[in-house]
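Shared chain: chain A. Partners: chain B in the first complex, chain C in the second.
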Partner chain A sequence: MVTEKHTFCNVCSANCAMKAQIVDGKIVAIKGNPDDQVGRGKLCVKGYSAWKMVYDPQRLKFPMKRTNPEKGPGVDPGFVKISWEEAFKLAGDRFRELSAKYRPESIVVACRPQDFAVRWAKAMGTPNLSRHHDTCYTTHDAMWRVTVSGTARPWTHDLENARYILSFGWDQPSKGKNMAARQYVNALAKGAKAVVVNPLLTATGAMANEWIPIKPGTDLAFILAMINIIIEENLYDKDYVEKYTTGIEDLKKAVKSYTAEWAAGITDVDAATITRIAREFATTKPAVIPSHKRDAGGPNYDNGWRVAYGFIILNALVGAIDRPGGVIFERNMKLPNLDTVFPPPEYPKNTAGRFDGGEKNKLFGSTAKYGNVVLADAILSGKPYPLKGLFVRKYNVLGFPNAPRFVEALKKLEFIAVADIMPTEIVQMADVVFPEPHFMEVEAMSNRTYNAHYPQVAYSAPVIEKLGDYKGFGSIVIGIAKAMGLGDYFPDGVNGIRLMDEQLKANGYSLDQLKASPNGLLGDPKPFTGREEFGTESKKIELYSKKLQDNGFDPFPAWKEKKEKPSKDYPLYMVITRHAAHRMSESHNNELVMQVAPECPVILNTVTAADLGIKNGDDVWVESKINKIKVKAHVVPGIRPDTVCVWHGFGHWSKDLPLAYGVGGNEGDLVYDLSAKALADRKDPTLSGLMSDMCVKVYKA
Partner chain B sequence: MKYAMVIDQTRCIGCSACTVTCKGRYEEASFGVLRTRMLEYQTGTFPNVRLAYRKQACMHCFEPKCLPACPVKAIFRVEGSNGGMVDIDIETCIGCGMCVRACPFGAPEIDDKRRKSEKCTFCDKQVLRGKTTYCADACPVGAIAFGERDKLIADAQARVKALKAAGRTKAALFGKDSTGVMLIIDGDPKDFGLPTDGFDVSSLNWLASPFSGVMIAAAIGGAGLARYSERVKEVEAKEGK
Partner chain C sequence: MSFGGSCHSMDWLTSRGRAFLYAFLSTSFRDHFTLEKMQRIMNAEDLAILTSHLARLDLPEAPRVSTALAAVTAAWQKADAYQELELQKAYARLFLLPGGVHPYESIYLGNQNLLMDKPWEKVRQFYRNLGLEKDTAELHPEDHIAVELGFMSSLAYMTAAAGKGSRQDLLAIQCEFLIAHLNRWAYQLACDIRGKCCGEDFYWLVSELLDGLLTLDNQAFGEEKPQESNQKKTGREKFGQEKVKQEVVPKGRSRGRRRGSSQPLPGRLSAKDDHHAPAAGTAERT
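Moving on, here comes the complex of A and B:
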């Protein structure tokens, strides 16, 4: 007898609503929920395979402490089982000691934004929340914040109503992203034209009307020429620009020298093509440049934030921001946060700055959506002050730039506490481990941000009984805080379930109502009305930002080259992608996923491979200035001959991940981390990393 | 009702949602042995390159080459499917690999651990109960259509016409007169590792891409033949011949 329970996918932040099919208390499959606006009854390959992780025999099962003081790859931590009380006491005592001995800011809390963790950090008095967004999408987030929204970036596109889709490295369809892939394929079937500018040919480019293999890191030149042509030829949307933007005249002057001929010399795309695409983009309506995370405007190159700003400008020039067929701000419920629902006692004052100096950035600093790029250097250098204790939730070592250096940094810390599901590499470095339940084992709700065309929350029932001695993340944070004597910040009754209930009540619903919903969803479709005002001081989209200028940055995305160019020793550009079935490094021990994507090749052009004496399937070394990794060669014609592409995030050394252990290499080993000074010197208002701004050499292993 | 599937490779993004769903539902086979796989094909010379995917699985031929090739008669046409579905009686199967040798599409695979042949069954138990196939249900971009054959062909032909009108002059429906599973492709069948002339095995490109699925060629060749004669002896001994 099959029973179905409502839940939503927590593999990525799309949170597609799904139904788990259960037989005899065991999940046998998961399906999409047809009433869900995000997934529309389907899931992606990652979602369909997510349930397999629940039954991975390698899952963490109970709290553990380390008995071997030595740490590092190949070192057995000597974990022993302990009780939750002992785990809380151990972490609480150690963090309190470190805080007293070295000051509160010696403790770093590294995890995705989560209300309970933020309160705990503030209660300890540390400003050091470290996050991954600087390796992922801060460029987009910060530029939208500064020039359009005043808050965050939009995550929704209305591609199905677009007639012209121009991608600069935007590649969600080939990465299997459910809502993006569906919309893209449907838009093309309806006759929309797509142009994909990307050094690598993927499904997105293959389906498009044109694939333009641009030279890596030069998209900005293409974009600046487009802006120049569209303004110069008066092709922009006059009504929209006049009504909803500022700065067109300043921008016009600023981009005058960026001609198509100039861009052609930089991008390796001929001037006629650039001109034609500029005209097509401006005259085919609706047109849009979609963006997500690590596209050309992501934190890949030194000029990434400029590209992100360029996307905004071009979308504004054709009236695509918050309009049908364009980039849409999510219409989700406004949920009050923990501190609004349950006001905390006063937090201790600490005037110390962050380890990365990010608070000095008045445009983006307050978001704390950065830090991971600088963390290793801050620990190793002891500057601006010593860091001694670290709490990490689900950030694996392999996700940090220059992962081997991050491991060295971790060895220097006095205490590391980790909350996770699987025994990953970061767990192997931990002094105490807090096991978390899988999302299929907990009650939760999602407000959704991707593809949210109207407010619709999704409910997740605990689909099965917990398979181990787990506590939810909120309870873990509260347990440690209480053991530190910070219980006043988390009095009885302050918990995740009550928070959800209060957040729903603020929107006229309740948790009971959500639980009782027959389709696991709440919220009815509403017709779309585009915004009339935006979140900047001018209430308009700022095409030439005085705010950037006042803070010492270029007021428009002036041309700047990427940092590293091919050299005699490192002659090849490197770009990064991943297989659709993988979610960062989290899926590498998933039995279903590893049957379809068991390896992480380096993709080489046929001609390049022949020159290097490399054949398809050969083991090769890919080497940057800092490290090298051994991977298999995948030789195809669909990549620029001067470029190689590595799949993201293999190279596991945790022996507790038997399917992943020893497979391939971690491209993050090749990526440079930054010091706080190097970050400040770059004059990047978005505090982002340089995740692809390096060149490599490739040779037979 | 004559069941069929049409896989629109011009919509397919190569994500493998079909593969993981199928494998999750039919878990008996060993790790890495798959009933449906995703193959990537790239043709041409930079920068004029074509990339396409093919969902590689049993095509449920009207005249399956595997059926007469099976020495123990484990392969059969599913009753009630009007010839559109081909299944293997897994109890009878001896895992000899003759079906692998015979198949022009590279579909079946031998599960060495279980000594069984593994291939798509068209979800016959689902379909005969009025449900759709698991892969068609899963596909996030609607590239897999399941249903009544004539209706599917009409829809597919309309799609091919639209593709041609949009400049994709090589768009075609593969298998209209010969297979239960048909493919909409944009290019020459040989560019997708498909037989160009009926079921001409010689035209197959078995090793299109080692990273897009599983190496299928390993299943055929010397080892398979040795195993075949070994199994025939086993069966004969069992039956007291």
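Moving on, here comes the complex of A and C:
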């Protein structure tokens, strides 16, 4: 008999709600949940193929400890199976020893935001939570926080009601983001005009009315010219700007010199086109500039934060922020965090700053959504103090900039504990491994964030029994903390299930209600009402930020070039994207996904390839100033001749990932990491990395 | 149908030594060894009885099993703390990490290279037909080699303790399980393990013992050792793993249900490390 259990996809952070069909304890089918506002009954290839990982025989099965002190690619860790008690004791003892010998701040906890991990780090007395956002979207997050929201960025775009969609490298439909693809296609079907500004012709661009192959890293000039034109020609939404923004007059003066002709000389886009796009954008309502994470438009260039601010300004000028057809702050449930629900004992005081100096940034510092870009240098340099212990959850080596250097840094650490599902590269570097369950083996709850037009939470039942000796992440953290003698912070009854229940009760629901919900969801559709106030001190969107100015930054996105430009030795720009079927390391050992996207190419323009004597399918080297990778050439006309593009997420060297091992190259090997000083010298209020800001050369292998 | 046409066959099939060997192999594959566990399991009295029994047994495979058992015994008798650690590393490398073997019937006989594939369903159904479910304390799935061997061990202990009247039914179940399941993949597993070890390695010897025990049982049941033949590609072949060299369909036996196999078994069946009393591992369905 077929039974159906509610769950949600956890391959990416959209968490599209799913229904798993089970026959006698085994998953036989997965389908979307039509009542979910994120997925609306559809899933992407990543979601549909997620069950493969559940039954993948390569999954980690038991806790293990390393017996070989030598570490690195090609080195057998000499793992042996140990009990959970032994694993907790080993990690607890080692972290406690390191904390006593080198001080608590010598320990780094690297994982996505998670309440139990945050409490554990605070209980240890280390300020060093390290996160990946600085390799991803901190530019957006920080600029929204400073100039609009006071908190974070919005994740919802009301594309289906937009009439004009202008994307600077935004390519989520191509990358398989379910809700973005659906909305984009529906908007086009309803007659919206789409313009894609991107050096690479993506599927998003191919479906658009217009593709503008801009020179990489110059989007800011295009944006500044648009702002200037829209203000000078009085095309902006005067009611919206007057009522909901500050600084229009200062901005007007500041951007006066940024003409279309000026921008044309920088962007390789003619002035008439820039002017026309500016006029169309301002006069076709509703118009919107969507953005997501590592878009080609530039969240990770040296001028990325300025681009992010430019998006905000343009969206504000046309009245698109938190209005139908625009960028919408998600309407979701306000879930109290662990410390609010279960107040902890007082945390130990530690005056040590973070290893990346992040606390010195008063604008964005408190969010601590950064660190990974600087981590390797901090370990290797021992500055500002020695880092000796690391706990990592599901951050793979390949996701760090300059991955080979990160491996060298890991070798220098005295102890590494890793929680993961698959035996990835970071697992190969671990001293102790904590195997986690697949998301279909645990109970969980997801607050809708992407495409959240009204508060709604989704429930995930344990769809099947755990197939190995797994413990959930909260239990892992608590186990280590107790082994360190920090059990007072995690008394009996403080656990993920009770936290979910209390979070729901704070919103007038309960976990039992969610479990009993016939569609696995709680929360009913509500009519949309746009915000009248925003989260800045002025309660308005700040088009010319005094706060930025007071903290020593440009108060508006003044022009700045990207850091690296083509040279004789490295004549090609490099941009990065990833295949729709893949999601970083999580999918590269999935047989279904690898059938869809089995290779990692460098995409070259037809003319460029001919000049270099490269044919489609040739093995080629892509080399930056720091490393080189060998990949296949994919020769197409749909990319600028001065630009190449490499897919993200390949280049695995863990032999314990047999499908992924040795396939393609890791483009992150080519990307620079930063020192804390270099980060500070950049005067970037968002503490972001430079994941896209490089040039390369390509030659036959 | 009756088993054990010769007195040697019946002598072997109803012996506690046979049950002990299945249990030992089940334990070997279930978890890594510690010196303490070795001492507990390999007690001298049992070994002496088993060795003596094998020496008297007039079945072609008996000398090979005897030799393999002696080699395994010698290996553990000289084991020290260093070798204990090496054994544990070898276990993880062979059975827990992807570079080793995947000791699941689903991987060997399924066509997707996934756990819980159709072969797993069939094994589980076999247990269920006898009124058995996997014990919740058992961390391996029903088609893991340790669980399948543990199942055989429990039945063998029950056979050894049973009166003549019920022996035939118990032996019919074991013969059917051997034909329908173990014969079809465990030889190849043993071969794959040997392919990843050298001749002096403990798990090389253990896999030799597995191969020998299965062959001995086939001889005692009057079966022929499975021969190589054509069959459709399994998942592990499709996914680039070693080609299956051993075919697993024995001649002269139907795969149909045997007498007694659908009858609930008395008591509990073991797939655990206690070698002298049926215990948990698979538990009676309630």
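Keep this in mind: the second predicted complex is superposed on the first by the 697 of 701 C-alpha atoms of A that agree within 3 Å, B and C clash if a C-alpha of one lies under 4 Å from a C-alpha of the other, contacts with A are read in each partner's own complex, and residues count from 1 in each chain.
The criterion applied here is as follows: a residue touches a chain if its C-beta (ideal position, glycine included) is under 8 Å from a C-beta of that chain, and two chains touch if they have at least 3 such contacts.
Fair warning: this is a prediction, and the values are worked out from it, not measured in the lab.
Output check: A:Lys61 vs chain B and chain C. Expected answer is one of first, second, both, neither. What do you get?
A:Lys61 contacts chain C only, not chain B.
Thinking of the overlay built on chain A, is A:Asp656 touched by chain B (first), by chain C (second), by both, or by neither?
The answer is second: A:Asp656 touches chain C but not chain B.
After superposing on the shared chain, does chain C or chain B touch more chain A residues?
Per-residue touch count on chain A favours B.
May I ask you to decide whether A:Lys26 touches chain B, chain C, both, or neither, giving the answer as first, second, both or neither?
second
Touching A:Val80 in the superposition: chain B (first), chain C (second), both, neither?
Only chain C is touched by A:Val80; chain B is not.
According to the stated criteria, A:Pro423 is in contact with first (chain B), second (chain C), both, or neither; which is it?
second
Should A:Lys52 be classified as contacting the first partner (chain B), the second (chain C), both, or neither?
both
Answer with first, second, both or neither: which of chain B and chain C does A:Glu591 touch in the superposed model?
both
When the two structures are overlaid on chain A, which partner does A:Leu467 contact: first (chain B), second (chain C), both, or neither?
second
Would you tell me the residues on chain A in contact with chain B in one complex that are also in contact with chain C in the other?
52, 591
Give the list of chain B residues in touch with chain A in this complex.
10-17, 19-21, 23-25, 31-32, 34, 37-38, 42-47, 49-53, 137-143, 162, 166, 209-211, 213-214
Inside the complex, what are the residues of chain A that reach chain B?
28-29, 31, 42-45, 48-49, 51-52, 173-174, 176, 178, 181-182, 185-186, 189, 191, 201-203, 205-207, 211, 213, 579-581, 591-593, 595-599, 601, 605-607, 616-617, 632, 634, 636-641
Under the stated contact criterion, what part of chain A meets chain C in this complex?
24, 26, 52, 55-58, 61-62, 64, 67, 76, 78-81, 423, 467-469, 591, 655-659
Provide the residue numbers of chain C that touch chain A in the complex, in ascending order.
For chain C paired with chain A, touching residues are 31-32, 85, 88-89, 91-93, 96-99, 102, 104, 107, 113-117, 121, 139, 141, 239-240.
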